Amino acid sequence: MSASHGPHGDEKETARIEAFSDGVFAIAITLLILELRVPHDLTASGLRAALVDEWPSYAAYLVSFATIGIMWLNHHRLFGLIRRVDHALLILNGLLLLTISVVPFPTSLLASYLGHDAGRLVAGIYSGWFVVIALTFTGLWRYAASPVQQPPLLRVPLDGPEVRAIHAAYRFGPLWYVVAFVASFLSAFLAVAVCGALALFFALPPKPPADR
Amino acid sequence: MSASHGPHGDEKETARIEAFSDGVFAIAITLLILELRVPHDLTASGLRAALVDEWPSYAAYLVSFATIGIMWLNHHRLFGLIRRVDHALLILNGLLLLTISVVPFPTSLLASYLGHDAGRLVAGIYSGWFVVIALTFTGLWRYAASPVQQPPLLRVPLDGPEVRAIHAAYRFGPLWYVVAFVASFLSAFLAVAVCGALALFFALPPKPPADR
Amino acid sequence: MSASHGPHGDEKETARIEAFSDGVFAIAITLLILELRVPHDLTASGLRAALVDEWPSYAAYLVSFATIGIMWLNHHRLFGLIRRVDHALLILNGLLLLTISVVPFPTSLLASYLGHDAGRLVAGIYSGWFVVIALTFTGLWRYAASPVQQPPLLRVPLDGPEVRAIHAAYRFGPLWYVVAFVASFLSAFLAVAVCGALALFFALPPKPPADR
Amino acid sequence: MSASHGPHGDEKETARIEAFSDGVFAIAITLLILELRVPHDLTASGLRAALVDEWPSYAAYLVSFATIGIMWLNHHRLFGLIRRVDHALLILNGLLLLTISVVPFPTSLLASYLGHDAGRLVAGIYSGWFVVIALTFTGLWRYAASPVQQPPLLRVPLDGPEVRAIHAAYRFGPLWYVVAFVASFLSAFLAVAVCGALALFFALPPKPPADR
């Protein structure tokens, strides 16, 4: 709408979408703790054993927290480059928020069934969902960096070092989660370990653009 | 209050109400996931069947997520046009936030009973609540765009293209949800499908004003 | 700290406290819906009766939502007048956020026991808690408007019309909730009705200062 | 990235991290109330007794609320001094948010078992977790105030009074929580009381820098 056009209006618009997205990320990441259950009516030794037995819950919590945190970081970086938001980007961003909001559910499944008979099934659902998130995120980025939008949605040149660095970083993102998904057919623990390792890997500092 | 008068104070005031509203929208949309329940103590094949049987929960989740998301988008557009907030607008906005905050409850009802004996009852409650939301939103918009308020609450001319476009878009909003409500007497699935289709329809890009 | 002194730093400081407080208000008001319980495993007619029987939950939800909403509005007005936040105001604001965050618990008590044997007990806890909130809010306001702080915390003259109007509006606030509390000894319904009426009353537009 | 460099971009960057962190703090502090359970199906006298018996829940709630609140205050003060955020600070901040988000779980453990056989175990977990939070916070501060980062991350001189005052205030923070942890081997109540006293102590106004 013309009222919110111009560089000032666009910046405010982008800021509000960032703020709403941040809210959803912050809530999803904080709600994860509600999936940890307190064992009831136990003696001290019974409680100690029950808490130790809950370790799959802690592992699922940590990997999901780290993954949502990394996704926030990437989202934050991406929106730092975005100057203008169009309708399709709003919808793609909404899809990404949907995939993030869902995370507590596969996390809870994993916490309940890791180490049990259905462990590989839930590890497959869990890592498969991360494939969906990574694909959605890649789609959002590809759209934002596409030369088709005129004027461009990014505030930096599409062939500049920042954009090239992000392209390089995201190229194999979904593939790595496919590796985790495939691993779930072999071993639930392996799949979760791959997801955890990916979160640690993506938490490493980004390689600075060459001209920096 | 005089201290917050003037264009600068009004803008800050509007921004804070937007921020609070965004918080409520973000929380309501993210809390929806808590309604998905993890089946307990099952074997792998039992869990797979139980998760497939939960499909009404997933449908209810998706439709509610999309609907709250669309409502946020519309709220966001509307407040992009608002320059000044008066007391009645604050109260109307509070009523809208109330209707949005309630959504997890009919969603949970739908997730529990869709496909059961009480399916049409819960689909009626669900789509009926969407009628209430649509009416509240229309009331908020009508009040904001009313020529009675002096100085006007909008930053654009009341007979300009943006306002006319929104009037056109919202004219039939509540009616469509009445269609979903009526459909619930025939079939719960039909009512939910209409609600989902409406969310997709309202997610389409708005028709640009003619002079743009 | 000197780094955040000066009018600019003070304003940023105040804005961040408002934003954090808004977050707590928005979350507390949206979490209320989690207290509504979905009856399980019923036929259509059984579910209809069970939902009608849950009316105390809906009443408790509405009164609590309206009360937190009104408290947000008042908090928002108050902080619109505040220029500078000192340590004691931070602590008083934290106490107010504590009282607001607790509201879902007495609301849930009321929803569970209104209409039962323990109705007057829970209505007493509920309205008694509102007395605590009103007293905390009054304390926050009294401190902010006290002439003892130099430089003053408010951006308007302490003897000006805005301050006098707020003094007048809050003078009897806690007392009204004491009336609701006393009423709970007679009838739980009466106490809840008084709380609801107070929320509606405080939702009326503030009387403009005479010189406006 | 060069696009967000310069004093303006750095400030916006810092503001967004503060906002996301505030969101997580606000949600964690407000979720605590969900751990309070409503006793069901009791007479008035039974309910009164059950609510009185729940006092460990109230104590756990209050101490956790005060502790997260104080951590927010400290986080807020620290970020008021930060001019620039680098990748490692982002990760350290993420670790701090992780430790804060976890708090509802040990709080719930404490609420369930304080006064029972497993009281000392849960008080040890609870105060031990506060040691972890205090260490993470100290690590974040030490990194931010380290002379190794060039240009410095703080906006004030590293040997100035503000930084020295914070160094002094945080020097013994983790140690005090170690005292609470050790106390848990003697008495669960003592450990919780120490944690509560520490929250009150850290809520006292900071000693102003000498030159102020």
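Per-chain residue numbering starts at 1, and chain names A, B, C and D are given in the order in which the chains are listed.
Just so we're on the same page, a contact is a pair of C-beta atoms (placed from the backbone, for glycine too) under 8 Å apart; a residue touches a chain by one contact, two chains touch by 3 or more.
What you see is a predicted model; the values in this text were computed from it and never measured.
> With chain centres set to the mean of the C-alpha atoms, which chain is at the far end from chain A?
Relative to chain A, the chain whose C-alpha centre sits farthest away is C.
> Give me the superposition rotation angle from chain C to chain D, based on Cα atoms, as a multiple of 5 degrees.
To map chain C onto chain D, rotate by about 90 degrees.
> Note whether the interface between chain B and chain C is symmetric in residue numbering, meaning over half of all numbers used appear on both sides, and answer same or different.
On the two sides of the chain C and chain B interface, the residue numbers are mostly different, under half being shared.
> Mind checking the centre-to-centre distance between chain A and chain B? Centres are C-alpha means, answer in whole Å.
Computed value for the inter-centroid distance: 25 Å.
> Can you check how far apart chain B and chain D are, centre to centre, with Cα atoms defining each centre and the answer in Å?
Centres of chain B and chain D (C-alpha means) sit 36 Å apart.
> Scan chain D for residues touching two or more other chains and write them down.
Chain D, residues with two or more chain partners: 19, 23, 27, 31, 34.
> According to the definition already given, which pairs of chains are in contact?
Listed in label order, the chain pairs in contact are A-B, A-D, B-C, C-D.
> Write out the stretch or stretches of chain C touching chain B in their complex.
Contacts found on chain C: 18-19, 22-23, 25-27, 29-34, 36, 38, 40, 42-44, 46-48, 51, 61-62, 65, 69, 72-73, 76-77, 80-81, 155-156, 162, 203, 205-206, 209, 212.
> Which positions of chain B touch chain C when the two form their complex?
Touching chain C: residues 1-4, 13, 16, 19-20, 23-24, 27-28, 31, 34, 87-88, 90-91, 94, 97-98, 101-102, 104-105, 108-109, 112-113, 117-118, 120-122, 125 of chain B.
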